[in-house]
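Across the two complexes that follow, subunit A remains constant while its partner is subunit B and subsequently subunit C.
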Partner chain A sequence: MSGSDHLHVVTSDEIGEGLKRLGRFLVWGTAGLLALVALAQTAQALGWRDFGFTTWRPTLYAYCLWATALCWSQVIIRGEQGKRTLFVLPAALFVISLTVFPLLFGLTIAFSSWNLSSPTGRSFNGLANLRQMWTDPFYWNALGNMVWYVLAIIVEYAIAFGLALLLNAQIRARKFFRVAFLLPLMLSPVAVSWMIGKSMLEARFGPISRLARWLGVENPAFFETPWMAKATIMVLDAWTFIPFMMIMLLAGLQAIPKELTEAAKVDGARGWKAFWEVTFPLMLPVSVTAILIRIIFKLKLADIVINITSGGPGGATDTVTSFIFREYRERSNVGYGTMLAMVYLVLIVIFMTVLMKWAGRYTRPRT
Partner chain B sequence: MSNQIFRDHETDLAHCAKWWTGRIAIYGALILWAVICLFPIYWTLTTSFKMAPDVMKGNMIPWVDFTPQWKGWEAIGLSPDALGRESTARAEFLKRFGNSAIIALSASTLAVVLGSLAAYGLSRFSYRFGFMKNDDISFFFLSQLILPPVVLALPFLVLYKELALLDTRIGLILLYTLTVLPIVIWIMKDQFSTIPTELEEAAMVDGLGIWGAFFTIILPIALPGMVAAFILSLVLTWNEYFFAALLTSTHANTLPVMVASQTGSQGISWWSMAALSFAAILPLIIIGVALERFIIKGMAAGAVK
Partner chain C sequence: MKVEHYNALMARMSRRRMLQGATALGAMAAMPMTARIASAQDNLRAQILAIPGVGAGSPTDAHWQQVGELCLGATKANVAEGEFAGVELTFMGLNNQNLHNFLFRGFLKPWEAYTGAKINWIDLAQADYNSRLQQSIATGTVDFDIIEMGAPFEGDTAGRGLLDEMPDWVEAQIEADDLVGYLKPPVGTWNGKKYRITIDGDCHTFAYRKDYFGEGAIGGPEVPKTWQEVNAVSKALVGKTDPLTGLPAHGYLDPLKGWGGFGFYFICNRAAAYVKHPDDRAWLFDPDTMKPRVNNPGWVQAIQDVMDLIATPGAYPADQINADPGTTAFSQFLAGTGSMLMWWGDVGSSARTSDTSVVGDVVGFGINPGSTRRYNSAAGAWEETANEAPVMAYIGWGIYVTNRVSGDEKKRKAAWSAAAHLGGKDLSLWTAAYPSGFQPYRNSHFNYAEWEAAGYDRAYVEDYLGSNADSYNHPNAAIEPRIPGIFQYYSVAEDELAKGFAGQYKSAQETADAIAAAWEKITDQIGRDSQIALYKASLGM
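Then we have the complex of A and B:
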């Protein structure tokens, strides 16, 4: 992404003073309006004066107006340069207003005791949430589970790689197999958790339980013991997400130049040797990308846990997300839940930064 | 005749046998995995036509093991004889289905529009917002992917409550757009970087502006990538459960929420659950089969540089 491949356009923009003034007026005028509305609403919220607002919507509308004026004024004030800014500005404004503000707002919630169902409302309680978290065994348990869930990706990766190799081999009906292998990814986790978790794994008559019994397992129960439940959740999640890694790896395999594999063949590399010494090293950058993205998705794992086990037995299958979800659903404790989520975010950011730094060595294609 | 003149050498025969075992192993593995992938779908579809005893006995093959009944589909008002009648269950289902469709389609459209513009800008011009240059801005967008939904969920819950956006479609559309935007930007950046800049330069020499060149020259070329990004977003937003479960209650419920809310109540009626689940996944199965090539293109975009 160096400057060389960028588009360079030189245009002579003669923007009159009047236009510039108009642009500035637009931005500052709408900003003033936004400030005014926000101030009035704050005043009402604090009980100083009643303006008859029922919701904070007017502030939202004023904000949208200001954002539009900001985009528009870019073109008016800066001409051609502004038109370029207009490509990125809407998306940037959108993301900033939908993540940065809620995150800042979330920080203030995180340091307060706030039960949505209680009438008292929010009250600042400093580090009490943090202290409560420190002694909450269920949160640490959920974090520990996440480690196991993430480690399961290694197995998923091996299977996905195998499938990608199979699809890349000389086979008939390749399209059929590709579509069939892709389908689990399309299914909604909630439907999957019902279809497989509740129905097919049903202890009495689910087809998988039948199969297990036929194979000689006495009483197949998939969600009774902690480790079995955890493993089942892992398998279910793997089932939906293996296609994702498989497709990325398949794309990587197909991008390997034919000459390279043929040259390796001529040099006498066969079977395992060819794989380990030619294909695998060439696939390293793709593999690392696929695994990183998979980890990101895995850290969000919640839907199937919420729907099948709701964390049980005894929190063995809990993920951080499902734990916070229940924390909110059962106790509507917004303050504590947000604190847990914030801590989780910090941990994820640290973990991913370290991981990406470390993985950066492998993602650069070797020449 | 019994004496063959030309015969395969011993080593060739061995090679042939090896080739055959290899073939069998490959196809065996392929078929095994295809069964693993397809059987749950098959199971759901058949269960939706079963009666209670069929489910308990674990019958699997229609017309052989059991006679298909429309019972499951009747429960959501979609069986042939229920279609003519008024049905509250069907109205409920169609409402959720409509919510899901509207939310998924609008969020994906919005994400593709915003994301494509941003990706085009980032791949063509150099920006400087304060200390942030192009790479920083790209990273800012992509880093949103790491953000777990649970971090945003509770602040949004409170914010939406204040803004009266709780349980509205708009609220969900905005959030879903946010969650798929990084993926769209990633795919589209990859797409635009394969299009040579000479194309726009030529167009601009011919008198088009930047936006004119983008709409008339670049957009048609980048269309396959946009379709890929759109479909991937559609899949993700259609299936999203977490935000929908937290932020909606009665009006803007999506299908996943409806499916999830059925499981606990009044003893499980397997057939109607199966029918509901199958109806929920059917649109995506169709999309997956019909547009498989775009999905693969989209997911492969980031993989290979």
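Then we have the complex of A and C:
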């Protein structure tokens, strides 16, 4: 750095070899300490030798020491450049600590047989959990159900778009309707499950069932047959989340420059043609974003299923998450449950990557 | 007493009855000194039954402390004043309905004052209890000295050596001989060692609608006594009209939807009549191999019975496939749908007090229906002999002491003394009679005269307690295995049953085979050898 650029120089970058050696010593010294402590704790955990550790905290402390030394050494070794690194390094280390380590820990559990009731505790079982998953009809059934649940988003999108168009138009009490349509989104899914799923839709006394009977339906039961139950769950979930898509689409509609729609009008585009040729293409980026976020929400669907049907009848409404919940909570099957969650995570990542790649084509501006 | 029971009794109690009770207590107080000394025990029981007085509103912490103080006699006989000074104990229990631990705090406050010990409390919601306990065990972080626990978890705790053996003086102090039959060993024991101070009893009893049965009634002249009759009546009622509501009549209400493992108890009611052989304590697994019995012909018959009713249009109310036990009891039976039900004691009393109940006084009680034949697992054949087997679903709560105190004799004695205070005979009368979350569990609780003297309606008390007593003391009571992970077995069985009931398996046999296969997997995962050893220990074999 030039000596005339005093404004940006805080310390001199002429770092002596001694200082550099100190920096390197700090990093490698603490790294060595971390490795030593971790090794000793692992040896104790594996029963090779007892070092008197009662918890894994010494390793954690050694890691913190190493992380601090790493940050400090950046400044010692690299001076000004190191300070710039210091703006990002602690955050990066923090993120790594909170994502990579738990992920590794999760993977270790996923490849283990770990039933909390087992007196022998956790034991590595290789690919056994994967093999069990491969032949588990409950998991595949839940995955199959997820396909249907995700497909329902197409209908949700159409309804949300329609509502957004309505609320974007010059209608009376527009502000009231905007708030009113948002209300379902503000409700807890658990409250929706009990108020609507378990009370209003109750086959004998529920007001909706009574209405259906009054309209001539002999035996209104909304969760009795597999497809009816699936459809009802879809409707309940849609009712909660359509407002979310609607509000995103409404924001998109309001961002469309007035000149464009007015120019289209001047050119003679009216009604459906104006929507299909002008509004819809302009809304594609927002639509794709809204749909992708909705898919992520949908893939986590569990609360209303757990509360209303427990996955029934006969697994017809089961979701992957509600099934994993049962494996964990009711069966304390931590190893297998974690493997199911990991596989689901990988499936979601692949599915979303492909989807985003595909959607990218439609979100690029047309030339 | 469970809160619902208490409310029921209060609703039934007339002012005259209350005055009778008050008069009786007044008379006792006015007895000559000699007579009072002679009947000190009776006097004490009458005295605690008067706190706060039957019909005088819900008891408060002050009342719990009063009862705790009055019942300190047994503690004083075994512990010197201030003997546990400096001892600190941690107690883990529930906070359901602001009872359980809340009561224990009040009961133990005078005990703390007398002994000098201090108790720290861990309060848990019912839903968090299982996971908290399992995680503590699995991660080796048991941080409590005394625990309120259900007997089904004994496999997870006693089976792993986490509990402290009950000293002999405790058994004498709590007068354990007074326990009803099924709560005596082997319940509460492992490998012949005793661990449990019982403070509650549980069982499923049969509730039926009196207006469905009798001369000229739509269900026939007699109340069904066997599951064969229950099914026959349920089918025969199709197309008839409920005498109370004017809506379609229905028979037995099977919950067809899972309930976090607890729904499995209900198919057990049907199956126990077929498979619980009087000569064999085991009925869910073979104790020598842990091979499930759930797919033997008796169990398959029980599942088939349910499938037969599913296949009979109109036998069940609409949407029964989504009815869990909460629905069958509170949304259906109490609301006037259906005529027969198996449940814990709550239902009969709620029938008379709940605002949503329309069945009122037309409810009657009995024990679990039996069967005209039974399956003998040992012989692998049906026997044309009548059989009865009430299911002791969940076996009730108990107080246990963990091995954290085993190395410190003073602390150990303190923990057991606190536990024994809560499981004392006299104190238990109060918990049986007032809202506490616990059901009667001692033979002395069925002394109807004591209840009557306190001001209760004898007819109702006899009706309410009678079916419990008959079930508790039944010689062929079906008691569930107290092995690790028992609720895992129940939970997975619920999933498979749901598939079977939804028609996804070809037959009852296929459904039962799927349950058996899933159970085998759980057993292998937890460890077959240890499960066999623990199962045998739990059966007292």
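The rule we apply is simple: the second predicted complex is superposed on the first by the 268 of 367 C-alpha atoms of A that agree within 3 Å, B and C clash if a C-alpha of one lies under 4 Å from a C-alpha of the other, contacts with A are read in each partner's own complex, and residues count from 1 in each chain.
Everything that follows uses one rule, which is that a residue touches a chain if its C-beta (ideal position, glycine included) is under 8 Å from a C-beta of that chain, and two chains touch if they have at least 3 such contacts.
Predicted model, so just to flag it, every value in this text is computed and none were measured.
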item	value
Contacts of A:A274 with subunit B and subunit C, given as first, second, both or neither	neither
If touched residues of subunit A are counted for subunit B and for subunit C, the larger one	B
Which superposed partner A:L103 touches (first subunit B, second subunit C, both, neither)	first
Touched partner set for A:F205, first subunit B, second subunit C, both or neither	both
Which of subunit B and subunit C A:G312 touches, first, second, both or neither	second
Partner chain(s) touched by A:R326 [first = subunit B, second = subunit C, both, neither]	second
Which of subunit B and subunit C A:M248 touches, first, second, both or neither	first
Overlap of the subunit B and subunit C footprints on subunit A, listed as residue numbers	116, 204-205
Subunit B - residues contacting subunit A, complex	26-27, 29-30, 33-34, 36-41, 43-44, 47, 55-58, 60, 114-115, 117-118, 120-122, 124-127, 129, 134-135, 137-138, 140-141, 144-159, 162-164, 174-175, 177-178, 181, 185, 193, 197, 200-201, 204, 209-211, 214, 235, 238-239, 241-242, 245-246, 255-257, 259-260, 263, 268, 270, 273-274, 277, 280-281, 284-285, 287-289, 292, 295-296, 299-300, 302-305
Complex contacts: residues of subunit A adjacent to subunit B	1, 3, 5-7, 9, 54-57, 60, 80, 83-88, 90-92, 94-95, 98-99, 102-103, 105-106, 109, 116, 162-163, 166, 169, 171, 175-192, 194-196, 198-200, 204-207, 210, 239, 243-244, 247-252, 255, 285-286, 289-290, 293, 296, 299-300, 302-303, 306-307, 320-321, 324-325, 328, 334, 337-338, 341-342, 344-345, 348-349, 352, 365
Subunit A-touching residues of subunit C, taken from the complex the two chains share	131, 134-135, 137-138, 155-156, 159-160, 257-258, 260-261, 317-319, 321-322, 324, 331-332, 335, 337, 484-485, 487-488, 491-492, 495, 498-504, 521-522, 525-527, 530
In the complex, subunit A residues that touch subunit C	113, 115-121, 132, 138, 202-205, 219-224, 226, 229, 308-316, 326, 329-333
